[in-house]
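Chains: A, B, C, D, E and F, in written order; residue numbering restarts at 1 for each.
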Amino acid sequence: MTVNISAAAAVILQRELLLGFRRPDQLLQPLVFFLIVTTLFPLALSAQLSLLRDMAPGVLWVSALLASLLSIDVLFKGDADDGTLEQLVLSGVPLGVIVIVKTLAHWLVSGAALVVVSPLVAMALGIPFGAFGTMMLSLALGTLTLSWLGAIGAALTVGLRRGSMLLSLIVLPLASPLLIFGASATDRAITGSGSAGALYLLAALCVLTSTLAPLAIAAALRITLE
Amino acid sequence: MTPRRKRLYVVLAILGGVGAAVALATMASRENIMFYFDPSQVIAGKAPPAKRFRIGGMVVKGSVTRASGDLTVHFVLTDFAHEVPVEYTGVLPDLFREGQGIIAHGTLRGDGEFVADQVLAKHDEKYMPPEVAASLKRSAAARPASEGKGLE
Amino acid sequence: MSAPKELAADQVHLWRGDRHVLKGVSLGIAPGQMLQVSGANGSGKTTLLRVLCGLMRPEQGMVTWRGRSIREDPMAYQADMAYASHEPALKADLTVLENLRFAVGLKRHIEVAELRSILIRLGVAECEELPARALSAGQRRRVTMARVVAMRASLWLLDEPFANLDARGSEVLLQLLDQHLSGGGLAIVVAHHEIGLARAASHLELAA
Amino acid sequence: MWTWFYRLASPPYVYGFVGPAIPWLLAAAACLIGYGLVAGLVFAPPDYQQGDAFRIIYVHAPSAWLSLCAYTTMAVAGAIGLVWRIKIGFAVAAAAAPIGASFTLVALVTGALWGRPMWGTYWAWDPRLTSELILLFLYFGVMSLRRALDDAARGDRAAALLAIVGVVNVPIIHFSVQWWNSLHQGATVMKFGKSQMPGSMLLPLLAMLCGFMIFFVAVLCQRLRAELLMRERLAVWVREAIRT
Amino acid sequence: MTVNISAAAAVILQRELLLGFRRPDQLLQPLVFFLIVTTLFPLALSAQLSLLRDMAPGVLWVSALLASLLSIDVLFKGDADDGTLEQLVLSGVPLGVIVIVKTLAHWLVSGAALVVVSPLVAMALGIPFGAFGTMMLSLALGTLTLSWLGAIGAALTVGLRRGSMLLSLIVLPLASPLLIFGASATDRAITGSGSAGALYLLAALCVLTSTLAPLAIAAALRITLE
Amino acid sequence: MSAPKELAADQVHLWRGDRHVLKGVSLGIAPGQMLQVSGANGSGKTTLLRVLCGLMRPEQGMVTWRGRSIREDPMAYQADMAYASHEPALKADLTVLENLRFAVGLKRHIEVAELRSILIRLGVAECEELPARALSAGQRRRVTMARVVAMRASLWLLDEPFANLDARGSEVLLQLLDQHLSGGGLAIVVAHHEIGLARAASHLELAA
């Protein structure tokens, strides 16, 4: 008896999405967080509102990064706490497949959603319409990469109660290139200088993590579950 | 699927992914990613207007002029093809001198002059005692073309 | 019985922290056989089960399934195996039916009608639309058993499946075990009391 | 008692083997570093541009190299532990982490001190400097992760995995000056081809480098012994080692 | 038999601190987290680095807010999940006392720690020494207020389905004045204009929440536990 | 026995969702008495215990302790009561000793030596420095019992305390119960099997 992998992948995806929508608060949390943080900045800078425009790409990207990180924390923790992670690991479906589907599902409900609402935030921050395309593309690539990196951290800190601080400590250094190139792509799209280079690099990072991260995540889970 | 077959697929996927990433990175390397421009690019109009960027180049010999009253300095940057005038107000690093490579942060003014708010001196990887530098300089002066970048 | 041992463990050693928990455990069972594992609290029964299902790697010794180490092709082994741990492994936010559909769906396609019949058999049919958080302890245990049954695996690894069950529940569980074994299945069951199974069961007593 | 034998395999051997080497290593390191310091700080000629400020190189460059070297050691040792399940690998990785972090800190501080007279600023968000800072954070992450998992074996393996993932940063640090237009200078010594430094300056630098390297190995051995004692505290050989 | 309340409060405090600082290096984690988040901004702003100094108060305050909110999320959730919250509630110690001690303990391990390390971050962001006093005072008041507000949200989210949304919705409107006044106090301290007004306001908010929040938190917990 | 009932419940009704779980339950126990609650899985035993300890408010009926409703002065009632639920209520990151020190310390000051002696009595002394996450299921149950004993409360509410315990553990638990009762304590214990206590225990069977 062997397991039908694509059917199993579909089942996991369905489960993750259903869980996401069962707890809409968890689903919306990164989004709300994103919106809040981006509105906080104008508030905090009320004295120097003219700076806002120049800072917009940075603010956008830092909030996206933190929002994404915040929500990935529980990617495996929930399943580990109630014992369902063990069942997943023992289901006969390769751990790599499980990990890929779970991370993609997380990206769909957090990263992709964030990309979709980003024009709203961008408008509030005074980013011109012309730059929206590049901004959204770069955010899509960036949040996906982040989901992969974050999932490594989440797998490493699965057993820890107060792991979220450690998770950021682990993931943020790895994510910093993302931030640099992502913000610079957005910035260049705003000023109209070519952002192709930064986008290529973001895409390279995205492809690279998409291939290698599942291996690392699966290995990390095997280690922490033992 | 046997385990070995599976492993083969995994290896192939990894190779493909890494290959694609490398290809994308190579494409990226053909573009300007950092906000860094040399004088030729600035002259060609590639630099963004009204936006801070970094410019790098060599300080042209004899171009440094100081206004008497304040700390404002004017000099010209070159990449041996084109030149850009620069204005800076503030304390210059010790290593700032004519013929030295520098990086300046600032914006391009409408009249084509670069207004720097920070000037950092670059140092290349060459180290030598002063006597050697002096003798090298003498022999370089004997030859017509300038080749050593940081050595003039 | 002289049937070939399908599942076998050979001189398994494992340390947890500073404790030498499994001190050279060996066992083997053939199709249709059940092995009851007992021993004092903390003697390593749960640890043994986790080693047998491949969640933990023994520091020495090896576990084989149909003659091959379970590390060789873990996916194939896992497809043949169902493990019920101390924890019910239910998602509190999903209903009983959804929980089962997803857990079993990983191994094989299953119709809701079949799941329902298993739930009826285990006496938790009226809870099928309740979220798992609303279940009582015994109901959770029953749903866990429903998952094991629905998976149709040939090897069952059950960690104290009788805990929290009432008399009726224990009876049903015994019947299910018997049926599984008579169909050529294998089972390793951790229990503190004597399991009153009709067919003979072998015994493994772990020393503390 | 003999079951312990399997588990330990080599630690007592390594413990015994490494011990006597430490004084020799320390002595060699002291000689080399002593020579390097005197020759570099006193006898080497000043640089034609930087004058005496360039002498920071004798601390900065070796500690910067060692910060990379220690990280690589840590990652490789961790990988050996993960792949071949050799416990000594984890012990080496655990021993190397704090040393590497210290070297990184020294490189950052000396670099910043050097940057002030040279570039005109202590700190710039230059690729080389940023990636070196990230290296420091990576060290912190690896060390905290190891300690955060209360099961020592899991902590070791998790930390090893993180160290391996973070190893991508090492080539980035090294090649950043080439790939991006950076404020930090390019390679003077660590490159193929002729070094851009006359012998009178280079020799003390190489001596310092070797001295730091040997010092690293010596401290690593010392810490490794402590690690082994702690990890194998239940083993018979440790009780005997402590008694004697 | 009745319970000695002050002894019980001491026990709870001890327990929370031990959980927070199980290992000594956990003391350092908020520092490192804070450091990393503040380095994210220069990275994201690489093109606009000279803006950094003007943004410093904003960056500082937003990071403080995030660090504080990020960690309050689990204030009651952990205890609820493993059944210790029930034991606390049934311990014979008034719920109000439990709630006050737990929140203060949270503030000690997150807010106070953050205040202590803030000078380091401030230095990195180029805030002048003269402003450190005001900055630290405003951060201390602000993070304490935030802990109270966050605890209300955390109590509501323990059992409620749409909890986190509520948390954000509750905390955001209440936290934004905090941010405005906090950042402006710091900003004014930097520029040397008087920051007393903003500090008084912060102190008022802090006292207000300290008195009313415990009631709200205890009520929320009672509702969600039933 | 005709001793006055210290704990009494009168016609308690409670609904969970659509289910009428407690359908007019009445009970009363006097010092030195034990009441065993049994019933099928999901019949409401746990729910009853939670009502008795004040975690849940009955929709009708009332619980009294020494003649006064437990809602009147909940703090005083709670100081007299110890409740052990299905879950062990241990902090996974704290050691056994720390867990106990903090849990008991809320009610009364306790010396480590006394805690140790209780742990020895329950056979988990060698685990005292282990973090709770490392304990086996039975060890957790024993530590939970240690907490109940250490609290020195006069009323014990125990939800399936025998689950996961091995034979030796059950025996110790019986002794502890007997000791508690002979000291004038009260106990309400949920169990599926007959508790073999020397003294007579009253019985309450909940209908499903």
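Everything that follows uses one rule, which is that a contact is a pair of C-beta atoms (placed from the backbone, for glycine too) under 8 Å apart; a residue touches a chain by one contact, two chains touch by 3 or more.
Note that the structure is predicted; figures quoted are calculated from it, not measured.
Colleague: Using mean Cα positions as chain centres, tell me which chain lies farthest from subunit F.
Modeller: The most distant chain relative to subunit F turns out to be B.
Colleague: Among all chains, which one's averaged Cα position is nearest the averaged Cα position of every protein chain shown?
Modeller: A
Colleague: Need the most distant chain from subunit C, centre defined as the mean of C-alpha atoms.
Modeller: B
Colleague: From the mean C-alpha coordinate of subunit C to that of subunit E, what's the distance rounded to whole Å?
Modeller: Each chain's C-alpha centroid was found; their separation is 46 Å.
Colleague: Roughly how many whole angstrom separate the Cα centroids of subunit A and subunit D?
Modeller: The answer is 33 Å.
Colleague: Starting from the mean Cα coordinates of subunit A and subunit C, work out the distance between those two points in Å.
Modeller: A distance of 37 Å separates the two centres.
Colleague: Between subunit C and subunit F, what is the separation of their C-alpha centroids in Å?
Modeller: The computed centroid separation for subunit C versus subunit F comes out at 30 Å.
Colleague: Give me the residue numbers in subunit C that touch at least two other chains, ranges are fine.
Modeller: In subunit C, 16-17, 75 touch at least two other chains.
Colleague: Could you tell me which residues belong to subunit B and also touch two or more other chains?
Modeller: Subunit B, residues with two or more chain partners: 29, 33-35, 51, 118.
Colleague: Of all the residues in subunit E, which ones touch at least 2 other chains?
Modeller: Counting only residues that touch two or more other chains, subunit E contributes 19, 26, 29, 32, 36, 39, 43, 46-49, 78.
Colleague: Show which residues of subunit E lie in contact with subunit D when the two form their complex.
Modeller: Residues 23, 25-26, 28-29, 32, 36, 39, 42-43, 46, 49 of subunit E touch subunit D in their complex.
Colleague: Give the list of subunit A residues in touch with subunit B in this complex.
Modeller: Per the stated touch rule, the residues are 94, 96, 181, 184, 188, 191-194, 196-198, 200-201, 203-205, 207-208, 210-212, 215.
Colleague: Residues of subunit D touching subunit B in their complex?
Modeller: 45-50, 54, 57, 117-121, 124, 179-181, 183, 185-188, 196-198, 200-201
Colleague: Please give the residue numbers of subunit C that touch subunit A in the complex, ascending.
Modeller: Per the touch definition, subunit C meets subunit A at residues 53-57, 75-76, 78-81, 83, 85, 87-94, 98, 101-103, 105-109.
Colleague: List the residues on subunit A that touch subunit D in their complex, please.
Modeller: Those residues of subunit A that touch subunit D are 152, 156-157, 159-160, 163, 166, 169-170, 172-174, 176, 216, 219-220, 223-224, 226.
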